[in-house]
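Starting off with a structure, shown below.
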Amino acid sequence: MKRFRVGVCGGSGYTGIELLRWLKQHPAFEVVFVTSESQAGKTIGSCEPYLFEYADMVYVSLEAESNFRGVDLVFLALPHEASAAITPRFLQAGIKVVDLSAAYRIKDKTVFEKAYGFTHPSFDLVSEAVYGLPELRKERVAMARLVANPGCYPTSILLPVLPLLEEGLVNEGPVIADSKSGFSGRGRKTDIPGLFSEMNENFYAYSVGNHRHQPEIAQEVSFSAKREISVIFTPHILPLDRGILSTIYIPFDRDPTKEVYAVWQKSYEKAPFVRILQGRFPQLKWVQHTNEVHMAFTYLASQKMGVIVSTIDNLVKGASGQAIQNANLMMGLPETTGLIIQKGVE
Amino acid sequence: MKRFRVGVCGGSGYTGIELLRWLKQHPAFEVVFVTSESQAGKTIGSCEPYLFEYADMVYVSLEAESNFRGVDLVFLALPHEASAAITPRFLQAGIKVVDLSAAYRIKDKTVFEKAYGFTHPSFDLVSEAVYGLPELRKERVAMARLVANPGCYPTSILLPVLPLLEEGLVNEGPVIADSKSGFSGRGRKTDIPGLFSEMNENFYAYSVGNHRHQPEIAQEVSFSAKREISVIFTPHILPLDRGILSTIYIPFDRDPTKEVYAVWQKSYEKAPFVRILQGRFPQLKWVQHTNEVHMAFTYLASQKMGVIVSTIDNLVKGASGQAIQNANLMMGLPETTGLIIQKGVE
Amino acid sequence: MKRFRVGVCGGSGYTGIELLRWLKQHPAFEVVFVTSESQAGKTIGSCEPYLFEYADMVYVSLEAESNFRGVDLVFLALPHEASAAITPRFLQAGIKVVDLSAAYRIKDKTVFEKAYGFTHPSFDLVSEAVYGLPELRKERVAMARLVANPGCYPTSILLPVLPLLEEGLVNEGPVIADSKSGFSGRGRKTDIPGLFSEMNENFYAYSVGNHRHQPEIAQEVSFSAKREISVIFTPHILPLDRGILSTIYIPFDRDPTKEVYAVWQKSYEKAPFVRILQGRFPQLKWVQHTNEVHMAFTYLASQKMGVIVSTIDNLVKGASGQAIQNANLMMGLPETTGLIIQKGVE
Amino acid sequence: MKRFRVGVCGGSGYTGIELLRWLKQHPAFEVVFVTSESQAGKTIGSCEPYLFEYADMVYVSLEAESNFRGVDLVFLALPHEASAAITPRFLQAGIKVVDLSAAYRIKDKTVFEKAYGFTHPSFDLVSEAVYGLPELRKERVAMARLVANPGCYPTSILLPVLPLLEEGLVNEGPVIADSKSGFSGRGRKTDIPGLFSEMNENFYAYSVGNHRHQPEIAQEVSFSAKREISVIFTPHILPLDRGILSTIYIPFDRDPTKEVYAVWQKSYEKAPFVRILQGRFPQLKWVQHTNEVHMAFTYLASQKMGVIVSTIDNLVKGASGQAIQNANLMMGLPETTGLIIQKGVE
């Protein structure tokens, strides 16, 4: 198998560490550098002692010259603004980029800058960037230099919903996505609400009506539907490590159950990470530590309402696993490389 | 303070134990018997060693003759069918009943029997039973012989929603209640899904479209609105001990925020357990081990959607605390007796 | 009941907040000020929205002049160094002090300064300070101006062990205390190891052989034994909010079970918060949110080893509850005031 | 790579399911049958929907004739008595056995029958059975027909302790092992103490002085030391899914730190799953979902006491992972096969 040299930018946050975990067993990607501004100069082992395979590797600064030479692809697990600043330099050096930040997800500059609060220094790249949902845009991802890796909440909502919109199954909406995420989705920032005793045995909604993933979801929903569809999105935080479960409400005039499953089965026939459940609803524990998305549908006839429940692991399919899946396609590898252990071919 | 003799029927489940916890510090209620069919003859201390105050009290059978003599009020924390069978006998003996089961909540016999799967032996009492939301029906509760204590999910949904319906603020609906409950709401039944390792780090929706609390919620919503309102209710189970958070979606043509808060403030002006939050959404940790309900509202103008978030402790306001609040009113006591510690009057 | 005016110094950490929770229902103590250097000038409600009873009270600085006037007693839930600096000023103003820091616990200046790393500015007060284990030193606490409230781990270990030493039941030792604490014992400092996702599903030993509570435990053990006894103490952190369980190993040449229980029963005959368990070992859930300590003993005859298991709630009996118990005694009140709800006297 | 046909007996408990999880990615072992007495006749998918790779495989009875034909090796994740009954039949059919029960661990029949409470029907096989700690007994395991897979607690204690005993570093003892296990170590039995709400936020010691793993540990300790060494073992249960941390106390007259590390390094030089930590103590989170054991040592000079902290995942190194490691050796495979993903050889 051909091997590629990859870098991980931002290797001391949760998505960066999750990238390192998966990449240590990836047969085609060799991690040649890992950046961390806060830990630069220290060994990874001194900071994250459980990453034994990287114990003696030293965190470097994002600015290190060598990061730009002899590297095939970089994963950016950086703050949005840092991604927007550094991406052009990697691309100029001929290095492909999978950006796990939101820097290149939103196509409308005004919407982006309102949501993220800074002037985008490289917005011209947005038009080139491919929104990386590989199940739905495999060819475009394969040809991309720059992939905008989708947000965790959007991934859990868009994978079940977009095919239904594209096939015209949904009338007007609204689409209401009531989403619940594990704590790690919040990132590794240190503040009082992040402390164990504040979150343990707790549960709450946050950013009600103004979460940054709302415009991202609405944009993709409208692209697929080819018209405005009203999207309501309410995120909540769960007292557990990882996983997102989205409960999605869509009105239907008559029972669309058969069509929904037919559309899903057709759309995801060749999608190794999608599991379509019938007769049972998914549980978070079934997807943790996998790159899978699970989805199920039911129709409430009296209320003329369809209900989808979908689950992903926010750090895997919602971030680092999907990033590797995109990178695999960008480098011409099977999308499952390093993400599924194939029986009998170890 | 006048004192009353009370019995707890079903004292080995979670709501029964929660009743015992609160009653041990109730200044006016003396627990004179506790029943348990599975533990009859054993001391409470041998079964639940942390209930030190009841250590030497012996569980009796529900059928024990003495349960029907010299008792002022009984709390029934029994299976629905057992409640329906025993209630007439307590009433005939002149004993008031607060029933924590669903036996007397549903006014339509067909709906009840479909949801609960047995022929109701005392359905004639349903018309007399008061659905015990004391904040909204204080006088009726005070005069009742038989109170049907509301379900935990319905309590979390109805308290914020009913006043809005009664004041005509809501047009058509649908009202979508996406509810998340702590594990104890499931009861103390022993099965594999109830084991710690199955629930810990897990989260899922269940009974989607067919939970027994759906007709209960729909009934009360329609009573208050004086017309059919479509109600969608999806329960989920959280990996924590106690608490329900309901995220409730109601469409509004224009921003009703001021009216919503005005109606809530008026309805709950004298309600000691209701806290109306403005500018922040409630968290489960804030209500645990209290008889309070917290509620907040926001309007999503672009989507013309109102979002309510409400929280209760499912074992307290959602069950045993509300039962004591009802019992207080039935015995002519202040509703907070034994539920709020008054500074300076210990 | 006579009422007293009390202050809480350090009201934004876990022990300060726990003090506020208990004091809001204390019949004799009125909280007249709460300090917080980081939040001074803000309302308590804006920082800790669930403390509804204190919603409009404003955090003041420790230095505010009014803190020193018309106050009967202060609780210091401050960093050790801040306690050591401010205590003399409260005492000079005629205000009694219960210090929840370690500033006045260690009688040997060298040992103290080695363990705590600063030069003690008021070490002369140490000789006056009473180490506040009210079950064992009730009279001395009642007469004290200054009580050094014991550490959480020491409380869990000393209450079962000291009476055995005082009665001469223990030969040489060593006494090995393997202790496990809930997360809140660590305080509310914000750092990466404190984040939910780092602690959840995790467990570990820390400060092995060099925890600051080791000299505190060793000092009290030797005082009671009237000779050096070797003490080994290993703290661990549990993925739960509150509680300490200590498993304590003491060698005995022959079975001392009867004597152990006899000594405990005699020592704690009149101790309302001590529960001596026989035939079962205590569980953390049984003491949470109480001021109780539970203890049990067994003897392993083949190995000539005694095993004690003890439990407390680290924030209550291990800190704020014990502080109130001490304060009650210092003000001439029954030690249970505000800590146990008396049936029938509300 | 040569492939072998294996069976899993007892595939609906936690260790059986963990075997299935690891075996689905094992390159040399093909699972040809899975037994479950309670679920026989049902598909695995209908019982454990997340085991997608086994969805259509049908649970068979342990007695099914075909289980005894064309199979190379069986894993027994059965009750002790069932293992003791069926093992001779597998061996007679020429099938190798890795027994995860305790049936063949204890060499003294009286000790065994006292601890396990039944008359052993095939005790003659005990002398042949190899106690399968592959790090210490690699050659013997490789030649075995029958491996007694060690208990989870013993594995966590014996791996760090036995080499010290064999090298004569330990004088007299006693060896005190204070062990804490995740909930899954308890198995999947349904009872009230196993319910989520009973275990969550809880922690306790159990079977103090009489746990069945005590004689197993004592036996191996005495074998290695070649004399009686007193062993005290106290198990506790943690509110988390998986992992055991053992804190082990051994007296030493003088500081043995260098020798301890030298012995460990020599003993485990070629042990791919052993990680020897210096300067830090292990955390449970670092071993979960791995077949590793971590160990560290410190010496408390004043108390003349050595402290070891060791960690394993109770379901992997403590059960199913170690079973596969043993099976690999028995079939002539590298011991890491299917347990470590080798970079670049997928």
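The first chain written gets the first letter, and so on, giving A, B, C and D; residue counts start at 1 in each chain.
Everything that follows uses one rule, which is that contacts are C-beta pairs under 8 Å (C-beta built on N, C-alpha and C of every residue); 3 or more make two chains touch, one makes a residue touch a chain.
None of the values given here were measured: they were computed from a predicted structure.
Rotation angle for the C-alpha superposition of chain C on chain D: 180 degrees, rounded in steps of 5.
Over half of the residue numbers found at the chain A and chain B interface occur in both copies, marking it as a same-residue contact. Chain centres here are Cα averages; for chain A and chain B they lie 40 Å apart. Per-chain Cα centroids separate chain B from chain D by 46 Å. For this pair, chain A with chain D, the centres built from the Cα atoms lie 37 Å apart. Counting only residues that touch two or more partner chains, chain B has 198, 200-201, 239-241, 283, 285. On the side of chain B, the complex with chain D involves touching residues 14, 182-184, 188, 190-192, 194-201, 239-241.
The residues of chain A lying in touch with chain D in their complex are 1, 3, 24-27, 49-50, 52, 201, 275, 277, 280, 283, 285-286, 289, 337-338, 341-346. Those residues of chain D that touch chain C in the complex are listed here as 174, 176, 178, 180, 198, 200-206, 208-209, 230-232, 234, 236, 238-241, 243, 245, 247, 249, 281-285, 288, 298-300, 302-305, 307, 309.
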